[in-house]
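This structure is in structure tokens; I'll ask about it shortly.
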Amino acid sequence: TDPLILYGQHFSSRLLLGTARYPSPALLEQAVAAAQPAMLTAALRRQSAGNAEASRSFWTLLQNMQTPLLPNTAGCHSVQEAISTAEMARELYGTDWIKLEIIGDDYTLQPDTLNLVGAADQLLRRGFKVLPYSTEDLVLCLRLVDVGCQAVMPWAAPIGTGKGPLNPLALRTLRERVQVPLIVDAGLGLPSHACQVMEWGYDGVLLNTAVALALDPVRMAQAFAAAVRAGRDAFWAGTMTPQDSAQPSTPVLGTPFWHQP
Amino acid sequence: TDPLILYGQHFSSRLLLGTARYPSPALLEQAVAAAQPAMLTAALRRQSAGNAEASRSFWTLLQNMQTPLLPNTAGCHSVQEAISTAEMARELYGTDWIKLEIIGDDYTLQPDTLNLVGAADQLLRRGFKVLPYSTEDLVLCLRLVDVGCQAVMPWAAPIGTGKGPLNPLALRTLRERVQVPLIVDAGLGLPSHACQVMEWGYDGVLLNTAVALALDPVRMAQAFAAAVRAGRDAFWAGTMTPQDSAQPSTPVLGTPFWHQP
Amino acid sequence: TDPLILYGQHFSSRLLLGTARYPSPALLEQAVAAAQPAMLTAALRRQSAGNAEASRSFWTLLQNMQTPLLPNTAGCHSVQEAISTAEMARELYGTDWIKLEIIGDDYTLQPDTLNLVGAADQLLRRGFKVLPYSTEDLVLCLRLVDVGCQAVMPWAAPIGTGKGPLNPLALRTLRERVQVPLIVDAGLGLPSHACQVMEWGYDGVLLNTAVALALDPVRMAQAFAAAVRAGRDAFWAGTMTPQDSAQPSTPVLGTPFWHQP
Amino acid sequence: TDPLILYGQHFSSRLLLGTARYPSPALLEQAVAAAQPAMLTAALRRQSAGNAEASRSFWTLLQNMQTPLLPNTAGCHSVQEAISTAEMARELYGTDWIKLEIIGDDYTLQPDTLNLVGAADQLLRRGFKVLPYSTEDLVLCLRLVDVGCQAVMPWAAPIGTGKGPLNPLALRTLRERVQVPLIVDAGLGLPSHACQVMEWGYDGVLLNTAVALALDPVRMAQAFAAAVRAGRDAFWAGTMTPQDSAQPSTPVLGTPFWHQP
């Protein structure tokens, strides 16, 4: 057994799933059943204008899935807004886990590099278990660990792009240098992307769009779950070193072996 | 069920494994047990100078694994040599399956682009089920299909390099244009590589070095088997289209949903 | 001086230009004046249906530019067709230079890997100076040299795509292994692409679409000419080896230098 | 004429050169003569332990080259240290230009994302013309502009690696979103890298290692200068749009044109 350990809590899965953009609540439920994720993340500020009934039933749905909930502060643009939202989430959902998102730019939805550490610091002091959504910036991630974050969640690419890791060298350097669990959050579009970051030693991945917008979200959820496990196994199995020149898998002699004395 | 179908025969796995370079026969056996491959490939011209005993026990080992055998013509440099070797393999192993390898360059171990079609044609006429090891060259692969090959096995990169797909555009064009099963053979180093080509619609992968030279070949065999299934599932599940700009997975409003009337 | 030498003839430029798809004959003329290419290539089979006048004036235009002409066999699909076209070009243009193109697939416009060597062989025997348009296939290119080609012209990507080198490893291996001049023909879209292949030691580039379809073909022709020279200079200047970890360009001490005794 | 304009000052070159790591002062001088850079950057804290004479003669060398000097704060790790160093440079070199470097991590030499804006702000208030060395982080670069920087200098890759642009998508997004001149500083290893970022619309490049460590630094300086101009020309000339499928540069008919009536 090789559990994912976050803030001392053990999780048997290394996949975290978002809950937005699914074609229907039923498909979300089935995808969760297929992937068996460690946690489900949901925004407090969901788009449900004028429809309290929809909100209540979504909340009931989340509770029924019996998967730990990770509320997030999606849509927040300032430290104060993120803290207020986190406090409301704690009250509403009854959990002190929070995925900290502060948007620094509305076009790329990039995390606010300059204010993330301060917000994380304050939330940790208020007793939250903070999972900060960050970029792959090494200095930023080291500071997040310095203030007490027991895990960091760098992006692979901007949210919803599905492009996969845009800067492999930076992500691999980050993995070498940061000693807490690292979960890739945002930008993965394919199971092979998830497998790849796990091979590099990342501890988990968080997905939403790539599953929710697949033609068959349930089968895609299952594919991502398998790819994450495959990548983790490969990490432990010790991958071969790429070679610049060809090497025969079968060294041969001139004489078929059964002709030899 | 979604079997791999080659020359009318159904296989439940989409992974083919080579049998060379394992640290020990026992680890080969365990890797095969872990991966449950469709076929095992073995060279007739194995390196076993002056050791008939070793050859006999390797042959016994292969038979005991109860996995269909795919003899190969590794080490052949001419059409005539490949045909002789295939005929010997048919007699020795009692199978008309043959993985056709003709080396055109000893440094890169590149298939002999110019002589492969002729060799495949002759072997097909002699009643072999030919799986030709080729490059990603579209014209070459189309001609192999023209002469009757019911599957083609392009490389991803030179044998033993583990670099993964060097020319994704060419491999994806090949997949679109060739109507028979395509199995990526050679050059894959990581489960994410295998997952990726399966996402593109490839029908299977053949591996040797990446498993045999892993620190833990058994766990790596299992990782590859899972990655191949994940990639196949993703192919059927219909992957999202990568986007150039960010898209929030959670569109948000200004008001938390439970505050709405 | 570092001339490009093809079949014993010296050229002061390492850029070859195509003559098709320009917005106007005047822009073609100005682009040629700006780039000062080694040769201009033109197809015998130009699209000029029912317009002999246009053909004649195009021919006059080419002659007036005082740049050596390299007729090509674009549009040919068989060895026989290519040979006939080459013979007609020799008669019409009064030159024994020929850029040999045999299309093996109409969608990718890939060279016909399997018939190129035979066609080159016949043309060489007929006294042509053959510049074969090929893929980056090492075995193919070695065979072209074997039959007597004194230069080979591999593609970087399919004609007109402008994608730049799709398979850098294969192109660099080709450069290491082939002893005759290599000119990248087709697929370059940007001056940086041209610069890159020259840095690898390629001897020249042939362009058409990237110049002809630029908004300002004349300035683009000039840009490509400068990029080719820059790449050649870099090749001779001996490029640094990329490093995996940072190295200060300015190693520093604790004390500003003017404070030191 | 298309000058580079920084803080209202016009420069006829778009190449800035570092002055460290050259094999000899003479080669530095010749490289500068060959490249005709806009500015020369030099660290105050140069490695010249116990050798005041060397320092003085280096300083004389810089003055004799008649190229504007851009002192830098290389080796500084805090805001206060950077400000002190900038003030000393202003006094020593008699210029209010400063390249602001604050190292946030000693292994990657990454700029200190979290303290760069504050340092830039203070230096601008003290009357410096600040060119901040930054990462490609969009939020960081926007904030640098917000506090008054009239140009920003993102890295392409860690200093001295020569890897070229590691995250093209982020660099291109940055170019689209930031309205002041952008100069790529650090990480370029080849003229083709410089050409590429200029094609994207970057306003200039700053180099050191790639020139200083070339086997022939003078020829390499010349190559970079030409590549920068080629990239700038290509930017203005309007590059073609890459295509996914091949397009014949010479559309052909069945009949050679001179056979037509």
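Read from first to last, the chains carry the letters A, B, C and D; within each, the first residue is number 1.
Just so we're on the same page, a residue touches a chain if its C-beta (ideal position, glycine included) is under 8 Å from a C-beta of that chain, and two chains touch if they have at least 3 such contacts.
For clarity, every value in this text was computed on a predicted model and none was experimentally measured.
Chains that touch both chain C and chain D are absent from this assembly. Chain A and chain B have Cα centroids separated by 31 Å. Note on chain placement: the centre of chain B and the centre of chain C lie 35 Å apart, centres being C-alpha means. Annotation: 46 Å between the Cα-based centres of chain A and chain C. Residue positions of chain D touching 2 or more other chains: 107-108, 110, 163.
If you draw each protein chain as a dot and join the dots that touch, you get one closed loop, with every dot joined to exactly two others.
Chain pairs that touch, as defined above: A-B, A-D, B-C, C-D. Only residues 104-105, 107-108, 110-114, 117, 135, 137-140, 142-143, 157, 163, 166-167, 169-170, 173, 177 of chain D touch chain A when the two sit together in their complex. Of all residues in chain C, only 18, 20-21, 42-52, 55, 72, 74-75, 85, 88, 92, 107-110, 158-163, 186, 189-193, 195-196, 199, 208-210, 212-217, 219-220, 222-224, 226-227, 229-231, 233-234, 236-258, 260-261 touch chain D in the complex they form.
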